[in-house]
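Got a structure for you, written out below as structure tokens; questions coming shortly.
Letters A, B, C, D, E and F mark the chains in the order given here, with residues in each chain numbered from 1 onward.
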Amino acid sequence: MTNERYERGLENLNKVDGHAAEAVMEALKDVAPDLGAYIIEYGFGDIYNRPGLTFKEREIATVAALTALGHAAPQLKVHVHAALNVGCTMQEIVEIIIQMSAYAGFPASLNGMFAAKEVFVERGLIDKRD
Amino acid sequence: MTNERYERGLENLNKVDGHAAEAVMEALKDVAPDLGAYIIEYGFGDIYNRPGLTFKEREIATVAALTALGHAAPQLKVHVHAALNVGCTMQEIVEIIIQMSAYAGFPASLNGMFAAKEVFVERGLIDKRD
Amino acid sequence: MTNERYERGLENLNKVDGHAAEAVMEALKDVAPDLGAYIIEYGFGDIYNRPGLTFKEREIATVAALTALGHAAPQLKVHVHAALNVGCTMQEIVEIIIQMSAYAGFPASLNGMFAAKEVFVERGLIDKRD
Amino acid sequence: MTNERYERGLENLNKVDGHAAEAVMEALKDVAPDLGAYIIEYGFGDIYNRPGLTFKEREIATVAALTALGHAAPQLKVHVHAALNVGCTMQEIVEIIIQMSAYAGFPASLNGMFAAKEVFVERGLIDKRD
Amino acid sequence: MTNERYERGLENLNKVDGHAAEAVMEALKDVAPDLGAYIIEYGFGDIYNRPGLTFKEREIATVAALTALGHAAPQLKVHVHAALNVGCTMQEIVEIIIQMSAYAGFPASLNGMFAAKEVFVERGLIDKRD
Amino acid sequence: MTNERYERGLENLNKVDGHAAEAVMEALKDVAPDLGAYIIEYGFGDIYNRPGLTFKEREIATVAALTALGHAAPQLKVHVHAALNVGCTMQEIVEIIIQMSAYAGFPASLNGMFAAKEVFVERGLIDKRD
């Protein structure tokens, strides 16, 4: 009965996150595959499937929230990938994270920026820091 | 020397928050007017003055972050006003706050929604709940 | 297609929360009824429907988490009702909240205790404080 | 066996918080008096009894932390009283709270300031806002 | 005068955490042994010594809270060990952590699950992921 | 127009943080140099430049807040360096972090202590743990 939500979620996830979420699902497989299913069904089958915001606007919201929360670096990296995949530029992502300094303080903003930087380096958007 | 940033910040604040931030500044006047000045200078003179994101995109990010943080209801209300002022619809704001349930849990999302609802009622966008 | 999850969630919600969640759903009705539906479908149709923990154990976990988070007093009150409904005693709830002082500090523990006390008073478990 | 810590804690609490903590202890009496005892024993009998920092330095640390946490307004008010009692000036407290804007963001700083302002008004340090 | 609480705490800690807390105490030895003593005295001599909840119920509460807080992975790992030691099954721990997705969001739930998985792998409950 | 604040901030940063912040600024250079500039201008040109608290008192507040927040270990390490540079002793820093156990719980206090210990080891204040 949840198959339809799962299928729809997987489709949205593929549009948004590309391969970035695959490692997460793989790592959950032998401990809590249902948690992975819920993320796909609820996060991407329900929430991301809703009209009213574009994928780009949704990623702006998610990158902002994950930066502000401060304890979600691995998920922030997945959504920096996602943001880039749905049309955000590196500079727009940098802007969102800088903006968070006013709402969550410099430490959350800095740690978010360094998580994002890892993705930018991985994708060749900035040179690897040596 | 900070006058230029303050002037620019006030200009941006007026475009964005209309009168919603005025009560905050007024309440700070006799205890910490400098904190109010920093919000205007840094928040609106520096951050909101940067190119790269539209005011609407910045408000999407801020509404998302303030909902996720969970301890910022008064500021969320100011930014729900601001979001409406710069072109977000009520439905878009509702979407952002629903989306936060996946990243910060249902309690943060619910409390954010009820803060936003107060603004919607205040502005006549939904009927006053009796 | 989500009807089955909603029905099942409503059934679980009725077993667990009695009438305490009704006001929440009512207040969401004119602003974001879908958020209410997601809480019922995901929170009570998916999560609370899972085998592996009793309702009492689930409420111990939820009361602990909502106390520790510190920003979820209204939801904590709903779940103090729920905990009492599924067989926790007042004293067990008090124990959970005291325990949180070690993991989230005295302020979170104190604020959780005062939220719980409101429920205890409401249900006549302790005398109304005058 | 905890009597000595309790006595010592009560003594320290009286030096530091004056009457501000009394209402807290009173409100705990019929629901969780042991939580009140732990605050006195651990918070004031153990921690505040340690050498190495003055009471004023301890209150600077506590006011900063409670402001940054964002979910502890009632406890922040108790410790603004305490800070004033052990020799902090109103202006020093205002400074600490402004400083938190850089580490926890403007919302936490603003909400902390308004909690502190209530204490300043209560003690006649600034005029009641009308 | 705290000897009795310390002895009692150590006894409870040994019943609950087995050897998992030893590395923590060892690492504190040359920087802040008193913090280790407070954890034993307050956490295990006072709190865990209280009647009213079983050790298993206390661990359910602690695993839930540490997952929800999001910033306590090392302590969560200690208490996943503890939960297993006092009779929780791996599946019950997985259930608690999945449940937290509804209250603290998917990122806190995911990061908690991966911390728990490290313990499950360490104890041979699931195969080492290669 | 921000040059004066930047110069003043850099001067304060040099007095306070010595070389500890340099790596941060370096790492921001190719991704978000403006965020580094804001930290210098706002954090050290505005906030740390204010009269009313000594640098030592400001560092007590910052170390307390960063410990309590729980998600700011890299920034805590920078400010443990800073605290030592402006006259705090290792023992005073240890005291502040122990104190946070009462306000933010043992996990935040423990994680803060281990971050601080890394700095103490780095500066030869305690022997490298083997």
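As a working rule, contacts are C-beta pairs under 8 Å (C-beta built on N, C-alpha and C of every residue); 3 or more make two chains touch, one makes a residue touch a chain.
The model shown is predicted, which means the values in this text are computed figures rather than measured ones.
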- Path length in steps (a step moves to a chain that is touched) from chain C to chain F: 1
- Task: Compare the CA centroid of chain E with every other chain's and tell me the farthest one.
- Result: B
- CA centroid of chain A to CA centroid of chain F, Å: 29
- Query: When the C-alpha atoms of chain D and chain F are each averaged to a single point, how far apart are the two points in Å?
  - Reply: 23
- Note on the structure: Shared-interface residues of chain A (touching two or more other chains) are 34, 38-39, 42-43, 50, 66, 68-72, 75, 94, 98, 100-108
- Indicate which of the five shapes (line, ring, star, complete, other) describes how the chains touch one another. complete
- Message: Under the definition above, what is the set of chain E residues touching chain D in their complex?
- Response: 1-2, 4-5, 34, 38, 42, 46, 50
- Along chain C, where are the residues that touch chain F in the complex? 68, 100-108
- Task: State the interface residues of chain A toward chain E in the complex, per the touch definition above.
- Result: 24, 27-28, 30-32, 34-35, 38-39, 43, 66, 69-72, 74-75
- Message: Which stretch or stretches of chain B touch chain A in the complex?
- Response: 39, 42-43, 47, 50, 52-53, 57-58, 60-69, 72, 75, 91-92, 94-96, 98-104
- Query: Taking the complex as given, what residues does chain F use to touch chain E?
  - Reply: 69-71, 94, 97-98, 101, 105-111, 113-114, 116-117, 120, 126-127, 129
